[in-house]
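By letter and in written order, the chains are A, B, C and D; residue numbering begins at 1 in each of them.
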Amino acid sequence: MKKRGFTSGVVYLAADALRSMRANAASCALTAVTLGFSLAIFFLFLFIFINLESAVNKWGDKTHIVVYIKDTALKDGVERLRDSARFIPGVKTVEYVSKEKALEELKAELKGHEEIIAGVDVNPLPASFDIRVSPAYTDAQGVASVVGTLKAMSWASDVQYSREWVEKFSAFLRFIELAATAVGVFIAAATVFIISNTIRLTVWARRDEIEVMRLVGATDAYIKIPFFIEGVIQGFIGGVFALGVLTAGRYILLGRMPGYLDFALSLPLDFPELLAALAASGMLMGATASIISTTRFLGN
Amino acid sequence: MKKRGFTSGVVYLAADALRSMRANAASCALTAVTLGFSLAIFFLFLFIFINLESAVNKWGDKTHIVVYIKDTALKDGVERLRDSARFIPGVKTVEYVSKEKALEELKAELKGHEEIIAGVDVNPLPASFDIRVSPAYTDAQGVASVVGTLKAMSWASDVQYSREWVEKFSAFLRFIELAATAVGVFIAAATVFIISNTIRLTVWARRDEIEVMRLVGATDAYIKIPFFIEGVIQGFIGGVFALGVLTAGRYILLGRMPGYLDFALSLPLDFPELLAALAASGMLMGATASIISTTRFLGN
Amino acid sequence: MIRMFHVSKNYEGGSFALSDVTLKIAKGEFVFITGSSGAGKTTLLKIMFGSEAPSEGQIIIDGRNYFKIPRAEIPYLRRRIGFVFQDFKLLPQGTVFENVALSLKVMGVGSIEVKRRVQKVLSYVKLSHRANFRAAVLSGGEAQRVAIARALVKDPAIILADEPTGNLDPHLAVETIELFKEVNGRGTTVVVATHDSTLIARYAKRAIGLESGRVVA
Amino acid sequence: MIRMFHVSKNYEGGSFALSDVTLKIAKGEFVFITGSSGAGKTTLLKIMFGSEAPSEGQIIIDGRNYFKIPRAEIPYLRRRIGFVFQDFKLLPQGTVFENVALSLKVMGVGSIEVKRRVQKVLSYVKLSHRANFRAAVLSGGEAQRVAIARALVKDPAIILADEPTGNLDPHLAVETIELFKEVNGRGTTVVVATHDSTLIARYAKRAIGLESGRVVA
């Protein structure tokens, strides 16, 4: 009796799986589309949260600290002072606002009513540094540490920042992370559940076939491999379908939205990477679900 | 031969459906949970978008118009002027900012450097009305119409508003509506698809049973009714499950989020209404999917 | 009762199961259909039952032409015919009782009446002690007798039995045919497809022979 | 080859299919199992095949004690046994060829070899002309012969045939038993469960009689 090797055996079973898929084309397509929809929902959430988080991090830029500079310290030159601020941990950028600029800004605010300060001849406004903190320091603690260091500087007359904004923002950040985790866990669970239940039902629909295979002496592996291959192929098709749905949705929205909202539709991945990610997760899910279903069905 | 009436016949079939569900308890539970997950995803999106839209409408409050009042007009009394502004279509609230209040606000802004306006003895700042527009007028057109009417007032010296903000906001509003529609249509399609495919598979798994029923002379209705009842019950269970998942998720998030974000978790419905909505949509979906699947399966 | 005119049944791919069959079975008759494996016995019975449509020809059952029966009426026609399927067609998860009761329940017969009649017919086929067994666990011969009981329980106008003794020992086979003879005696038309020549010889009833889809005797 | 010691098979609910069966079937023997419907013939064969476990007792097949065979080895044991199921157990969507080929394919036999052997065995059971028909459309007798072909094709050490002639006309039934006799002549152990007393009488082989789960002859 001629026996074939493992590789040619798998090819043989793959051919069988393909034949069976052709025979049940409609059913396989529906399963693949179910996988696709589930994946699309999952990735939709993923992208919404990635984009939301990046948007939220940009809002973090609004966390800024103003240090007023003693007039006496200005004589030593701005650059030295700026450097001493720039190298404080947590400081991202330092922007110098001279006494003249401060006055101009005040005038701009009073536009139309400049007469109110017309009589002022010596500029009473102090120069200042407008300091932005790096993302890792936008929470209440981080800002406090930067503020503390700045206050200790000999040239600093006063340090101002919006404590309210900092606290709101860091609470918001924590909330977004928590919400993303909660919704993400839920969506992932739902996706895995729906996909595995769908594949379980397709295995169940073919229970008689599996029974016959076992009775004629098929090993568990022989029975599982076609389901595995089918699951992988359906997962792949589902992944491509999900990509299609997401891309189509993105194009529908892309042309019709204000430019400054572009970030909401930005893709965290290139197109080929995205295809790979979707196809790979589809295949992984299909494979896992088919292994679990068949293993449970075969009862070991 | 004693025949039973329609009602007792349905009761009979309902008992059958329940017996069959007990026999396939695991499978039925999984189907119900699949329905539940799908519904939960759908309602999650629905709530996110309802809350987002209500939040966005609150942002619309930021659309405000400032009308400066000619000093000469103030002699006639503020109330009359305010009334002439209040009854302009699109105006929601009118807040009076007196000359004194304007000066105080300027002083607050200059905190620490009040000396800059110390020498001013006649208050040069004009009084103004701070006008908020009603939600329906927050788009560019609406604001323009309010501004036009205000400008025509004899007592108005100048009208100011942020054209940039208004344009951004109305574009954003349009985008949110479009995105909600696109994502909503997609999620609804995915939900309907997943539920109907799941029920189709459970019908398919029982194809032999259906075949036998037809051969012994069962009418199509006789075959469909138990599936229908099963679909409705599974839909109901799924709806309750979805409510459980959503409520649990909400409680996880509720305690841990900044108070000013409460709106994000607000429920557009009371709890009993929500239960009714979820259970009803579950039952509707289960019923529709089972009718479609069995009808298609029976081939007419 | 049953008339066929030039009935043929072809399948795609050119194979055919029946060709040009014309026959007449009178009301109250008892007829055997014989023929070797693949001769077309099952196909002939299924066409009489309306579960297969002929490719050509006309069938009149009970005065009604089959081509004219609307889909919605087929269930009602089937309720007048008791069919014993060659492969039984039981609900494997249902009990023996439920399987037999099914053909009454689909007709809307009340539960008390169902119970009475099912118990009676189960005693005829000697399966009262198996009433609560699931059909899936029955022996071949037991399953076959459940199929027979299901056909008999509704007191049909016509019984079409396809190889109803294939899984029965000679003793039970004879008892089964006696059962059919008894209902036949009460006016039911009985058509039995079988290859069991001993039975045919024993009962000396009319036998329609099939050979490769053609009537030969 | 096959030995059973005090084998019983009970089911929940107190019913039993076999009680205290002790028997010995030598290598190369040809044995009939007889008994009326529900006597336990199928149960006996299934226990020999390992698809049902006995409630009590020991079975030794081919020198191996059944209780000691790990789950993973069962497929390999089944490949040495050709089983003709009373209800055929074919893949309805597979063709006749595929159904017969399956029992070779699961063993890893190459396609050319599979084709040669399947064609040969299909000609033995006179089904070459049905090779590409789906099993679902076969007549009862044709399906039964496919089941026989699938058991024979792997040249098994043991053939267990459960009512293999129930759907065959007398002529084909004899031919089938002749086929079993032929493989038996080449050394295969053959066990045939049947209620067909004419066959048993005709072949005068050893017959093990069962009655309500007990060996009686």
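As a working rule, a residue touches a chain if its C-beta (ideal position, glycine included) is under 8 Å from a C-beta of that chain, and two chains touch if they have at least 3 such contacts.
Nothing here was measured: the structure is a model prediction, and the numbers come from that model.
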For this session: Using the contact definition stated above, find the chains touching both chain A and chain C.
Result: B, D
Exercise. Farthest from chain D in C-alpha centre terms, which chain would that be?
Worked result: B
For this session: Just give me the whole-number Å value for how far the CA centre of chain A lies from that of chain D.
Result: 61
Exercise. If you average the Cα atoms of chain B and of chain D to get two centres, how far apart are those centres in Å?
Worked result: 66
For this session: Express in whole angstrom the distance between the two chain centres, defined as the mean CA positions of chain A and chain B.
Result: 24
Exercise. Which of line, ring, star, complete or other matches the graph of chains that touch?
Worked result: ring
For this session: Would you mind giving me the full set of chain pairs in touch?
Result: A-B, A-D, B-C, C-D
Exercise. So in the complex, which bits of chain A are touching chain B?
Worked result: 27, 30-31, 33-34, 37-38, 40-41, 44, 106, 109-110, 112-113, 115-117, 119-120, 124-126, 158, 168, 171-172, 174-175, 178-179, 182-183, 186-187, 189-190, 193-194, 197-198, 200-202, 204-205, 245, 249, 252-253, 256-258, 260-261, 264
Exercise. Quick one: in the complex, what on chain A touches chain D?
Worked result: 1-4, 9, 12, 23, 208-209, 211-220, 222, 300
For this session: Please name which positions on chain D make contact with chain A in the complex.
Result: 51, 71-72, 75-79, 83, 85, 89-93, 102-103, 105-111, 113, 150
Exercise. Inside the complex, what are the residues of chain D that reach chain C?
Worked result: 11, 15, 35-38, 41-42, 86-87, 133, 137, 139-142, 145, 162-163, 166-172, 195, 197-198
